[in-house]
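Scroll down for the structure; my scribbles are underneath it.
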């Protein structure tokens, strides 16, 4: 089992003929992903590997059935591409690009909610169901990181994901699904919205969240735990604990504003809700072990 | 029984302090309507009769519960007033004014559907549940027209309603509910959308629709009947049968364009679906009698 | 409010939609100069609001100056109520399309209709080959989206090289639709030139009368109407149509007026004019009578059944109008609704017989007009 | 991109939001003329981007010219990195409000926050009296609706006579938010004058960097940065922050960089600068090194764990930079991810020891910087 994506999920790639799009499409297929079609306006008739390319999503879907779409488009076209996918009735979308304008992101979040679609991203490496399929770019060949197992992972940061997941693997675990919700100030799906999927996934024993300063997503996770909506063990690592107030720390979403978003607050909320908070990545493995042990008693 | 509105329905009046608004509010109360509050920005604290006035719908609803809103506002403010009602969660709205800009009406229709609300109008006298309550302006004191009974009436035309309903009463019947959907090219609720309410209303034995040239609403009624969604006897009178093509006949909605909207087409569709079509108002009563008689056999 | 072709093309130009070179002339003496500006071959086009100008011989092609003169005379002789002629360059056409934007009342969206069968009567295509019309629905809050334009253009079979220009055209046309509160914008034919440009061969724009207050740049002028009386009625806000029959209708309420219209026709009589003085106009009986009296009619038929439009106010207005204007035709009334007792009193006081039944009134009017009651 | 008060007020003025009379001066010699224009009493305001200017003594009130001079000297002496001073008329204030518009990431709406407790620190109010902040959510596709403005203003306790002006102000401010792709627009205080006008006492606007391509009128200039090196980094598109500690960070990936930042602080050492050269910048090692070398640092710490940002490319870049720029500080590396074997080879070939563990690298760097490892 895995959440959102598995080896049967029929994946469409919007922006498939671009350099990154075509490169990673081949890797996704190599990993086992069922990529059924691609879209680039003006490029209908071409193929990427054996994947047929169409002018528009509608035209692709007249030929193949599609369950999910992956957007390999530049940030300024992300809103239009998402609306195209939603209009075509696609209910799962992953958006990778970094740099989506804030006002576009707000409208995208609105549109996704209205359509009842799960839209992951932007500013993410994507999602991967270990050993089965991926939508995005993950160095799955690094087997000290990308190892199947029973730990669900959610992350706001691509670079930190490799670092933390390596610790999970080092402790003898592997991952069920890894969901990169992205580092933008307006993630189109939030931690607390993915959590129920992990809760009901029998292949997930515990969840690791990789958070950081800024926003209120970690607090929402704590809220969900307090309400009993998530009852499996949860380990969190949060970057930017010592970051100064008011500075954007790399990610646009990683900023403390209006007194909100300090890692202290997040740690307090999560600990108060029964989560285990790692002070540094190397503690994640040990915490997972003891969390799972306690949970079994 | 009656549809949409009864004597318990808590009615809000937006634009209550205007000349028409205050005049007809008193008549509505006189008729039995449960008018609980009114809204006019800047007029909070006043009363119309005993009805308290508030600045905004939100403020009114902080004091009283509301089931339905009646808009007595000029056409250029109709869109804003409707959005205010919908935002406040009101699911039944009647809009009386004539002259709503077409593009506003389109957006209002979209907004109403999105909110899952039944919005009746514009360009209508409103709705009346005979002997119980009314939202709008009806000369209920004319008892040769406004008589309770078991015939549901839907109409695109105010003036013709009195004429046709008088014929229904003359034939020994009365009305259960009378729904004026209005004469605009974009009625916010369409005949076929009201029909299911009459179908499931035990107090309605048959329905009379008062249609006219233009649009496709009568054809949609025929369609619904063919699909078995409406099975009670239906009598229709349609004005403008001899109207020349391409001329607006009074109502903005009453125009034959793009080859659509001729009364001939409507008559053919309705007759084909088993409805009884009266050639003139004076035939409606007799047709109702024979339709009900046939239906009982 | 319907705009003339020349007005539509000005709006198109202002929204970066290409239109042919053209000049507007008022009389034949300006033709030479016009042709000097647009060149030959050219097209002579009557600026009138009626549809089917091509079939009616109101659009004529000319190879050179002499032919143009001849054709201009032809158009002038055929056109009624024409204020301007357009002299337009002839375009080197590769293909013609149809495109329009109207309102879809069911979805609450704007509806773009397009067809690769351009230049011909779209209503004909809608009836005979509906599958050749491509429809795209645009939510006004969202606006036209790029993929909608792409899907439409690819489905029309537009060549890849023209997709980008076509997309821009659609956005520009949608912009014209929204910015002007249009009921209709239409380009038929939309010409694809041999040189690879989309050019609007014709232009129809109809502005929503209810939204004219947001667009003070548009005003109804005499040119928009077939007669002075129709113009006068429009300025007054009174719905008024002119026909050439016997019975003048002065009724309150659009639906009721249409019904009386049908009854008159059903009984094989005919309508002289259609005046609807219900709603906000119910106190305008005198003004209405002034308009009516400009028509030729044998009998005036007044039918009302009002609520807000009070019967007594309308009856008094009618009596006042008769006193002031002294019409020389007989008047039949069926004035009912709020205040009807008082109304009937007023009418009787002035020697008019107040009828209570619409059909009876229609029959009486036809009888007075000398028509036969054949159903 | 944060705008200065004077820029925000220009934008406000262009959107019909009233602002006080004001003049911008660059030096004290222009003060006389400025005061002649705005009158006395007046306010002297440092045009710097830092918050809390009032508390920092960077905004000063003056009754007359002499006092204004004295206050101007005071402000100049206190301000760092200041390019302009604003001389502004003093407003006759009846009441002060707070108003701002930002993004609400949960609803996907714009969020208007308003409070009748204007002129003070809104973060303080948010913490201590959250009930005094009124929030209104605006769907961007719908825009601000009149009833939303009315509800907000009535709830603020605005007098009936000011509702209409207040509504217009909200619409104008919302317009500024949308038209400029703003992250934040804020007026604090929004002054209600004794004469009955709303006037923007201050103005904060922050433009979304990701949307700057839609707004070529805004460009980052040297004035927006505390130092030359921060300006240079911004022009290059490299996230860069300056601190005054010992260890320079040159890491790939924002999350990873923040983690290294925490580890350095946890081990009681300190960060000299924060440079993030992941994502599109991973091949810019030489440029990154040039920026880094403008800081004072004892050790450079390079940590990466990349996917698209290939380890070998970054390692080679680092080696190239060292060859070209010959930095005089020791360098500790933990370069991992795609291409890491080749990366380690490259580093070893240049005499650098490639570490594989982040924490180990941090400890090593601190040791080289001469710091103690106290956790």
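Letters A, B, C and D mark the chains as written, and numbering starts fresh at 1 in each.
By our rule, contacts are C-beta pairs under 8 Å (C-beta built on N, C-alpha and C of every residue); 3 or more make two chains touch, one makes a residue touch a chain.
This one's a predicted model, so the numbers in the text were calculated from it and none came from an experiment.
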{"item": "Chains touching both subunit B and subunit C, listed by label", "value": "D"}
{"item": "More contacts between chains, C-D or A-D", "value": "A-D"}
{"item": "Chain whose Cα centroid lies at the greatest distance from that of subunit A", "value": "C"}
{"item": "Chain centre separation in whole Å, for subunit D relative to subunit A (CA means)", "value": "28"}
{"item": "Centre-to-centre distance between subunit B and subunit A (centres being mean Cα positions), rounded to whole Å", "value": "50"}
{"item": "Separation of mean Cα positions, subunit C and subunit A [Å, integer]", "value": "56"}
{"item": "Subunit A residues counted as touching two or more neighbouring chains", "value": "none"}
{"item": "Touching two or more other chains - residues of subunit D", "value": "141-142"}
{"item": "Pairwise touch network: line, ring, star, complete, or other", "value": "other"}
{"item": "Every chain pair meeting the contact rule", "value": "A-C, A-D, B-C, B-D, C-D"}
{"item": "Subunit D contact footprint on subunit C (complex, rising order)", "value": "141-142"}
{"item": "List of subunit B residues in touch with subunit D within their complex", "value": "41-42, 44, 55-59, 80-81, 83-84, 87"}
{"item": "Sites on subunit C touched by subunit A in the complex", "value": "142, 145-148, 150-151, 154, 160, 163"}
{"item": "Of all residues in subunit A, those that touch subunit D in their complex", "value": "20, 75-76, 98-110, 112-113, 125, 137-139, 142, 155-163, 166, 183, 185-187, 190, 210, 212-213, 215-216, 239-243, 246-252, 254, 258-259, 279-282"}
{"item": "In the complex, subunit C residues that touch subunit B", "value": "51, 102-110, 122-123, 126-127, 139-141, 178, 181, 183, 208-211, 213-214, 239, 241, 251-259, 261-263, 265-266, 274, 276, 278-280, 304-309, 336-338, 358-359"}
